[in-house]
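Here the structure comes first, spelled out in structure tokens, and everything after it is commentary.
Going in written order, the chains are labelled A, B, C, D, E, F, G and H, and every chain counts its residues from 1.
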Amino acid sequence: MHLTVYLSGEIHTDWRDEIASQAADLDVTFTAPVTDHAASDDCGVAILGAESDKFWHDRKGANLNAIRTRKAIEDADVVVVRFGEKYRQWNAAFDAGYAAALGKSLIILHQSDHAHALKEVDAAADAVCETPAQVVATLRYVLTGRLPG
Amino acid sequence: MHLTVYLSGEIHTDWRDEIASQAADLDVTFTAPVTDHAASDDCGVAILGAESDKFWHDRKGANLNAIRTRKAIEDADVVVVRFGEKYRQWNAAFDAGYAAALGKSLIILHQSDHAHALKEVDAAADAVCETPAQVVATLRYVLTGRLPG
Amino acid sequence: MHLTVYLSGEIHTDWRDEIASQAADLDVTFTAPVTDHAASDDCGVAILGAESDKFWHDRKGANLNAIRTRKAIEDADVVVVRFGEKYRQWNAAFDAGYAAALGKSLIILHQSDHAHALKEVDAAADAVCETPAQVVATLRYVLTGRLPG
Amino acid sequence: MHLTVYLSGEIHTDWRDEIASQAADLDVTFTAPVTDHAASDDCGVAILGAESDKFWHDRKGANLNAIRTRKAIEDADVVVVRFGEKYRQWNAAFDAGYAAALGKSLIILHQSDHAHALKEVDAAADAVCETPAQVVATLRYVLTGRLPG
Amino acid sequence: MHLTVYLSGEIHTDWRDEIASQAADLDVTFTAPVTDHAASDDCGVAILGAESDKFWHDRKGANLNAIRTRKAIEDADVVVVRFGEKYRQWNAAFDAGYAAALGKSLIILHQSDHAHALKEVDAAADAVCETPAQVVATLRYVLTGRLPG
Amino acid sequence: MHLTVYLSGEIHTDWRDEIASQAADLDVTFTAPVTDHAASDDCGVAILGAESDKFWHDRKGANLNAIRTRKAIEDADVVVVRFGEKYRQWNAAFDAGYAAALGKSLIILHQSDHAHALKEVDAAADAVCETPAQVVATLRYVLTGRLPG
Amino acid sequence: MHLTVYLSGEIHTDWRDEIASQAADLDVTFTAPVTDHAASDDCGVAILGAESDKFWHDRKGANLNAIRTRKAIEDADVVVVRFGEKYRQWNAAFDAGYAAALGKSLIILHQSDHAHALKEVDAAADAVCETPAQVVATLRYVLTGRLPG
Amino acid sequence: MHLTVYLSGEIHTDWRDEIASQAADLDVTFTAPVTDHAASDDCGVAILGAESDKFWHDRKGANLNAIRTRKAIEDADVVVVRFGEKYRQWNAAFDAGYAAALGKSLIILHQSDHAHALKEVDAAADAVCETPAQVVATLRYVLTGRLPG
């Protein structure tokens, strides 16, 4: 069994690298959004031309990023969504809803003090993790049946 | 033409009533989540039995609320998602993503200073409104072709 | 909001009547399989001609019952599956799997000592109830937001 | 033609190995659930943290196992479900219903004295086998057109 | 429960009337193709203009009839396909295949000496009947649970 | 049989009225886009606020009109697309492609000298008409089996 | 571009070999049903045990063959259905209907004197051919843009 | 991440080559319609036999081309549709609508003076480009996160 896993959400820490390096022995292909915050914000106007109105500046960029996100979620067997400590992260929750509607397996990764605010998102998930190591252990178990320790 | 419109998101102001009363002349059926915050939080344990662990207390409730939300979104022609000024409102963004993946028409309602944080959500929408009156004017135009004023 | 609810599973107690009478005030349409055990077993040969081999006797009947079950599950918003104390009830679990794959909201009704054996089925459900009254309270909450007591 | 075949159900005998060894000459990829009973029961708490309540202990595990099962059924061309002599095996019947709703080809494997209890499940199947050898002969015929003997 | 039943196939005997009159007490809506053979053959050119080539004469008509057939099959809960004694009736078998692919419940009606030639079609059906009365008895059982006699 | 028919395309002649009046005896519900050209062009800025850039002025309006079009096409059994003598009418061809991909029955209405330019669109259609009267005759035949004259 | 092409229908002439040899230069994978008539008729009882009733003898075999047919049609980009000079060939028409409902590209191959009887089937097709060479020329054009001669 | 990109629309300039050569470093597979105008117009009669009526001459060809187009759009992650300066290009708009209904990511390529006429098509797109270089920059960003310059 091989898994394609989309790592959605928070882009300011190295959690994707942690997961990828701990999962190096597993038959997993990881995908991710563009994690360069500035590029992600400005891609639309950089490629398609400047906008004087910030709203359309943002729209153009969000539309381009959506091409990648849509492809990645549709190709994924499992979507991992990480909610970090900062920012509103509505796009992370949007991705989780999008993935849930497509029937994807969903793993939510967040610190415990976000549990109440994320209860509807967690309820759609197959696993709620607090650490990248738990995400990797989940994937390892799903693929190999092996438990940690 | 008749529209079924699900009013998702913020539950602490009377925006749903505003929309419903202004749209009283339109051929629209509005649906909504349970908007009693306490009932919504505690429904699971009230019906299915107490939980000592807050996480499962929340899970039981979120699961029950999901029955209503899933039905309402699937039956909707248009999903309106309001982001208010307070709280993280991840369930609102989750609903937006869920509705987008099902191909529903999407109207996002928020104040302008949330525009950057909601850019991915707005990019999936057919209309971005700042007031309930704009939502109603949108529905009126869609149904009747009449413009405001 | 109106709900169509299919009551699947055990046919030797009056749990369907209990639910229907307690839910008489709700905007719900209940559907059910044929609950006359003898008719359900013999319908195939009674209508389409006798079979000497019990296997095909059963097959003919199961095929006819499947017309009703398929229609009822596909039309349902919520599928309630009751596991009783007796019999193997594999058709109940089959219906639960079928409904889950179609994305139906699922309520499982069983006594607590079946919980471990039903853990995979329960994990696909939005609510796990022990009594018909809990099923009705769940439907009442979903439809009206009102809690018991 | 190549077939992906998910071997669902009973985990206490070596029927999967029998099938795989007899089918070694065929262009088939077999998948299976985690067949280590203890790991399957405890994976949730082992990875995501202990639960004092057995119900949630079971839920966490069932949710993790569902990631693997969902992936395997969705990827399968054929789902073989074996009902053994012991246990209630509701998860096997659940898998059969899930696979049937997705339109998968279904082969049910059970001893003849379970035939009446499994009549609804058998009626959804393309083949009802009593031995692993019959399952392999079915796959061999489907792939190559060759009959036994 | 209400059923919409499409009566496909043979158009030279009054089997549709037989079924409708015997089922007058049932909550069923019957639909049918245009059963006026001449109109069905010539509708295309009568409405859209003459064709000198018989192939395109037929094509124009078949395309118009397909509008009705597609609508009727898609709206049906049950598709009954009757194979008569004469003609090749490939359109009947085509309808059966179309309905099967959409997951419709299928009832095949034919005399017993066609059984071998129709074995693949029958194998996709929930019931194989020899008389209109058996079709009605099947619908009556599905809707009411009552058996004949 | 009842048909819902979406009348897409050209908005500068009264062809929709012609069809509706000639089809007054038929069990058809007609839907249409907003046919007030000015309203259709300006709805976005009239409701959601002015734009200095014509591109976004148009975008806002097109998005609102898409809510109505999407709803109308998805609800339709038959989509009629009329190509008039003037303008590029790319939205008409877009609607035709959208409807075709959803498996809707398609009737294309255009003068004969557009036939070569529309050959790909016509090839996806069940009927190609030159006059509104032919569209009505088609719908009458589909619903009643009656031919003109 | 690569095409997977299922060659359905008549099994008593070597038309499949003709197509395969003429298409040897093309990037096509051909699939086919089991074309050994005796094996196809008897596979069910040969593998799963004898039946005294010819109806169930046929059913068991048809069910096994359906596993292969379903897989082949679902995997196909193009389904070619050949109607020969003999036999009723209802399974060929059934396959055509099944493929059409799944939105597959359809090529029908038959002699011209069957054209009227096959008009509904032909109307669902992208190409109607009279010779295997025309089927190959169609596939060659689709893949390479090259025309014959 | 790998992308399959269908390049639809205008066939009289070398824009496809421009895109392919500029994107030579990217993990993209490009597909296209048959771009030989004469072959595309005459393929039907060249392969399947002459027609005296131009309408059916065109129909036969359009049907063959549809096999390729349908396959290419269904396999595509991204559909790029170019509207050139000449011709009505209704097939380009048809492809855009078809792709939009299937949920494909859509990039529209046209000169700015077509913007108003294409506003409904543009509104369904993720990016509106004026040059092939912008299309390539969009694909490069989606695949690698790198911006131009």
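For the reader, a short list of remarks on this structure follows.
We adopt the following convention: contacts are C-beta pairs under 8 Å (C-beta built on N, C-alpha and C of every residue); 3 or more make two chains touch, one makes a residue touch a chain.
Since the structure is predicted, the reported quantities are computational estimates derived from the model, not experimental observations.
Considering every other chain in turn, the ones in contact with both subunit C and subunit H prove to be E, G. The chain pair B-D and the chain pair B-F differ in C-beta contact count, and the higher one is B-F.
For A-B, the equivalent interface within G-H, E-H or E-G is the one where over half of the contact pairs agree by residue number, namely E-G.
Between the Cα centres of subunit C and subunit E there is a gap of 31 Å. Put simply, the C-alpha centre of subunit F and that of subunit H have 23 angstrom between them. One finds 37 Å separating the Cα centroids of subunit A and subunit C. Touching of two or more other chains is recorded for residues 63, 66, 103 of subunit B. Chains touching one another form the pairs A-B, A-D, A-F, A-H, B-C, B-D, B-F, C-D, C-E, C-G, D-G, E-F, E-G, E-H, F-H, G-H.
The part of subunit B that touches subunit A in the complex is made up of residues 54-55, 58-59, 61-63, 65-66, 69, 83, 87-102, 114-124.
Those residues of subunit E whose C-beta lies close enough to touch subunit F in the complex are 31, 34-36, 39-40, 42-43, 46-48, 60, 63-64, 66-68, 70-72. Considering their complex, residues 1, 3, 77-78, 103, 105, 125-129, 134, 137-138, 141-143, 145-149 of subunit E touch subunit C.
By the touch criterion given at the top, residues 51-53, 56 of subunit H touch subunit E in their complex.
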